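Have a look at these structures, which come just after this line.
Shared chain: chain A. Partners: chain B in the first complex, chain C in the second.
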Partner chain A sequence: MSESRITRRALIAGAGGAALAAPAIGQKLVDLGLPGGPSLRPLAPAFPGKDAMIVQRIRPPLLETPLGVLGDSAITPNEHFFVRWNWDFPTAINVANYRVAVGGAVKQAVELSLDDIVNAGEPVEVVAVNQCAGNGRGLSDPRVTGTQWGNGAMGCAKWTGVRLKDVLAKAGLAPGAKRVRFAGLDVPPMEGAPQFIKSVPLDIALRDDVLVAWGMNGAPLPMLHGYPLRIVVPGWFSTYWVKMLATIEVLSGEDDSYYVAKSYRIPARPITPEDKDFPTVSITAMPPRALITSHADGAVVKRGAPLTLRGLALGGDAALSRVDLVGEGFERPCTLGPDEGPYAFRLWEVTIPEVQQDLVGIGVRAANINGAVQPEALNWNPSGYARNVIERITLRAV
Partner chain B sequence: MRALVLILVLALAGCERAPAVTFADASITLPDDPLDLPDLPGREAVITNCTACHSPSTMLQQPRLSREKWEATVGKMITTYKAPIDAAAIPAIVDYMVAAQDAEITSEAARSR
Partner chain C sequence: MSAAAFDHALAEIAAGRIVVIGGDRLRGGDIDLMCAARHVTPQVINFMATHGRGLICLAVTPKRAKQLGLSLVNPGTARQTGRPFARSIEAASGVSTGISAADRAHTVAVAIAEGASAADIHSPGHVFPLIAQAGGVRARPSACEASIDLARLAGAGDAAVICSIMRDDGEMARLEDIGDLLREHHLAVADIGELIARLEGAAV
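What follows is the complex of A and B.
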């Protein structure tokens, strides 16, 4: 491991050099460690209601949570929560005029005010991870196009709302209902471009923990997170968690809309980067993941001393069962922190009694109660979705 | 966020009422998008044809792509996302992206050393 490699992922303050389009000299940059680069990202500009975030894109906003911050708590504070919009969204919301239209294969189409939604059923709270389907895409090797996220496009919050099924009951399902589709107020600027609409099968829509939510960690949903209402589907990737919810449409057939039928899809079976034509399926439930957040790749640790590593994990669409520290020729179980529910982040820690040499290629491996375990090798796919390979780092003992 | 006051009044112990929620009008002022793009031939074509929908960073942060891949990407913007890109500008956009990526990745490698 070379010197330059070791410093790569550290926070680079005031990096100089003959930067062309690079952010102004003196600006703090974060190195996401993306193979082959470009890998540096600014922590600016600041967004309202947000602490320091990795700015992947200003418009429409793509903001990533720095990894060290992500590991601070099982609940991600709203000011650190990642942000992802496919299209521009309204910058003002008038609550008196706000309506959610419920239609399609229903007994009676209705337009619901915010009060109607809140009173549709009993309030429900669920703690759940919200993770971008493309989280970690930038780490794909070989690289793929799309938003070049590191692993910080996820967070865990306590969501408050009413059950989607209670909202659907205001309209009543018609016979033959198969899927439920959501649309928000974010729309493409160009006529004919696909709107970001997403649907889930009816059995998912009717789950007791699938919500039309207005609360995030005890506060109103921030505008950047979809004020006033968003869909919450615990255990599923955030592409289904439609923000600024405006329309709920019950479908009696398959969904042929772009972001379901053409995009957000993964190979039905494992492929290689050379494969061209293969069947695909929609990306839906999340697999387990774990990250070391206490130490960056290349960090220096003390030889001859104990070392405690910390981080977070998620079980995905089922509760986390265990996290193990894995390295060449050894495995060591990690101690899990408080259990906030099956869909939540869970902190973990593990202590190595005495560091004797460099810790080369160590990682943490999560498993869930359904038996899903993080794989050794990347399940490569051309869109970089659902990354859950064991993430490995090297720590240098001195 | 400005003037966003939504109060989640949690039910007090023993109260029968469900939590009350009050929504208030809300707005947000998003930061300016400075359109930071390296000064290379074709810059104007990129600003004119690409930045109506998204910031330049989306393009500049991609892994190094071949000319063919950039052509395919511009094509996808036109056919799928209905970007009103002037066909005559496509070669200039592609040339620019290839050159800008070279510059970006070279410059970054220099900074990391």
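What follows is the complex of A and C.
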């Protein structure tokens, strides 16, 4: 580990470049409808390569996608894609000097250039949802600590890269290899804070669709999304999709690093807010979710007329099987849009032939082919992870 | 956290500067600004109110609390907040409305004066005393106890003023939120885990 740290420091020194200038925040505010605490956030277009985004934090940036934009297409444009960094990161990378160190429990530790990695295997494209483990945390009730995201901390992109297993083959796995850990060029600005490093079990690392990616929607990865390389783990929360990849470390034992052993964990079994001292497990695969994006809570619709609702859904770690509109005493299947693959967003729509009264507490419920279905009640946990309760809104008929 | 970084934090405390306490195990990861109480000035209080924005508290030993006639508001085990609050206090004289930075710094100075007694303070007031466990941070790994042990290790008395750090959006900050603050004000970070290791190492 000390060797890879040195490499990381050297890379940062070589990268140069000034810290990301804090953008000026405009006056336009968005109401995230958070049940507790301040709910308004500035909407700012001032980040490089970004259109209007909800600013949760300037540095390191936490940028949320406005919900209306999210429902426009199954593929989220890069300029609208949410951004989440744990620590500051370089704003310039010298690609000529850039290396990814592959070490740990391997036959031969290697340092790979960008070209080495691009040529490590056949290029692979995967369309997959990248979702923050804390997406929707701000809607938790009772409220929990942490960034108060609405539901816009997710997006879906076409990722291009090589298989991680082809990159690992450059070093060769040693007997006893158990997990594969990733570190990026983002580092804490103070001593005493843990580095953001994450690991996945070996069977996940060797999947055919787990990538070391350089492309996002046909473009090079933007700096804010981890230029030049990031990990892609379709079906798993984005905490594992380490950005600005610097090291790949094969572990022969368990991972006791902070962001695996102490953080990004959920109760092993359902708990209540009163529970203390319960066993926890790492948050990994995503459950199914669906959102209505065509109408906001409280919107007015025409009484006596047909109403078409639209939105998006994801199956999580398995393909979406169906989406149903649910309300008091009724359910109605939704029509699914084009299928971009098992890990992609899928648009849906449904038409109510005639709106007769207010539509109180309606929502959409996604299910995946493994039988996972969105629950009626929030699976509350103290970090607000993996929210997938059916999201409900009320529409007023006038 | 390296020993050198921890020593740097101690030197900062000894010099009367504000440091950040991280690694609180009882308050869900909240972090605090800290200054040895004997070094508290109106400028220190103003800095905490501006950049910390949490409640400005005075951490004292059980001995000092007794001297001032203070006891825990809730002595039970089911405390909600993770802070061992006594009733709030104000200097009995020398303050106006009690809330200004100068007034609060004065109240702190009065409360930690060598011969201070219950007669020197009034309640309620604008300074919130916290009564640490007698066993210090090894008995209770939280910022209140840590601040007193840090002050002691730095040779800066046995009381400290602490203030939790809130983000612009009202959420409680983590270290990852305050990089700019650390850089702009050259604040050192003292980790509670390192403090405990240091105390346990010394005890062996």
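The rule is short, and it goes like this: the second predicted complex is superposed on the first by the 371 of 398 C-alpha atoms of A that agree within 3 Å, B and C clash if a C-alpha of one lies under 4 Å from a C-alpha of the other, contacts with A are read in each partner's own complex, and residues count from 1 in each chain.
Keep in mind that, in the parts below, contacts are C-beta pairs under 8 Å (C-beta built on N, C-alpha and C of every residue); 3 or more make two chains touch, one makes a residue touch a chain.
Keep in mind that this is a model prediction, so the values were computed, not measured.
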Fit or clash - chain C, chain B, common chain A: clash
Which partner, chain B or chain C, touches more chain A residues: B
Contacts of A:224 with chain B and chain C, given as first, second, both or neither: first
Touching partner for A:188 - first (chain B), second (chain C), both, neither: both
A:75 touches, of chain B and chain C: first, second, both or neither? neither
Which of chain B and chain C A:123 touches, first, second, both or neither: first
Contacts of A:59 with chain B and chain C, given as first, second, both or neither: both
Which superposed partner A:86 touches (first chain B, second chain C, both, neither): second
Contacts of A:397 with chain B and chain C, given as first, second, both or neither: neither
Contacts of A:301 with chain B and chain C, given as first, second, both or neither: neither
Chain C region in steric overlap with chain B, selected from 4-12, 22-30 or 148-156: 22-30
Chain C-contacting residues of chain A that also contact chain B: 22, 37-38, 41, 56-57, 59-60, 145, 147-148, 188-193
Chain A-touching residues of chain B, taken from the complex the two chains share: 1-2, 4-6, 8, 18-19, 21, 23-33, 36-40, 52-58, 60-65, 69, 73, 80-84, 100-101, 103-105, 107-113
In the complex with chain B, residue positions of chain A that touch it: 4, 7-8, 12, 15-23, 31, 34, 36-41, 45-49, 55-61, 91-96, 98, 114, 118, 122-123, 138, 143-145, 147-148, 160, 188-194, 214-215, 218-220, 222-224, 227-228, 258, 262
Residue numbers on chain C that touch chain A, as the complex places them: 1-2, 5-6, 20, 22-23, 28-30, 167-172, 175-177, 179-180, 182-183, 189-191, 194
Touch list for chain A against partner chain C, complex: 22, 37-38, 41, 56-57, 59-60, 86-88, 145-148, 188-193, 382
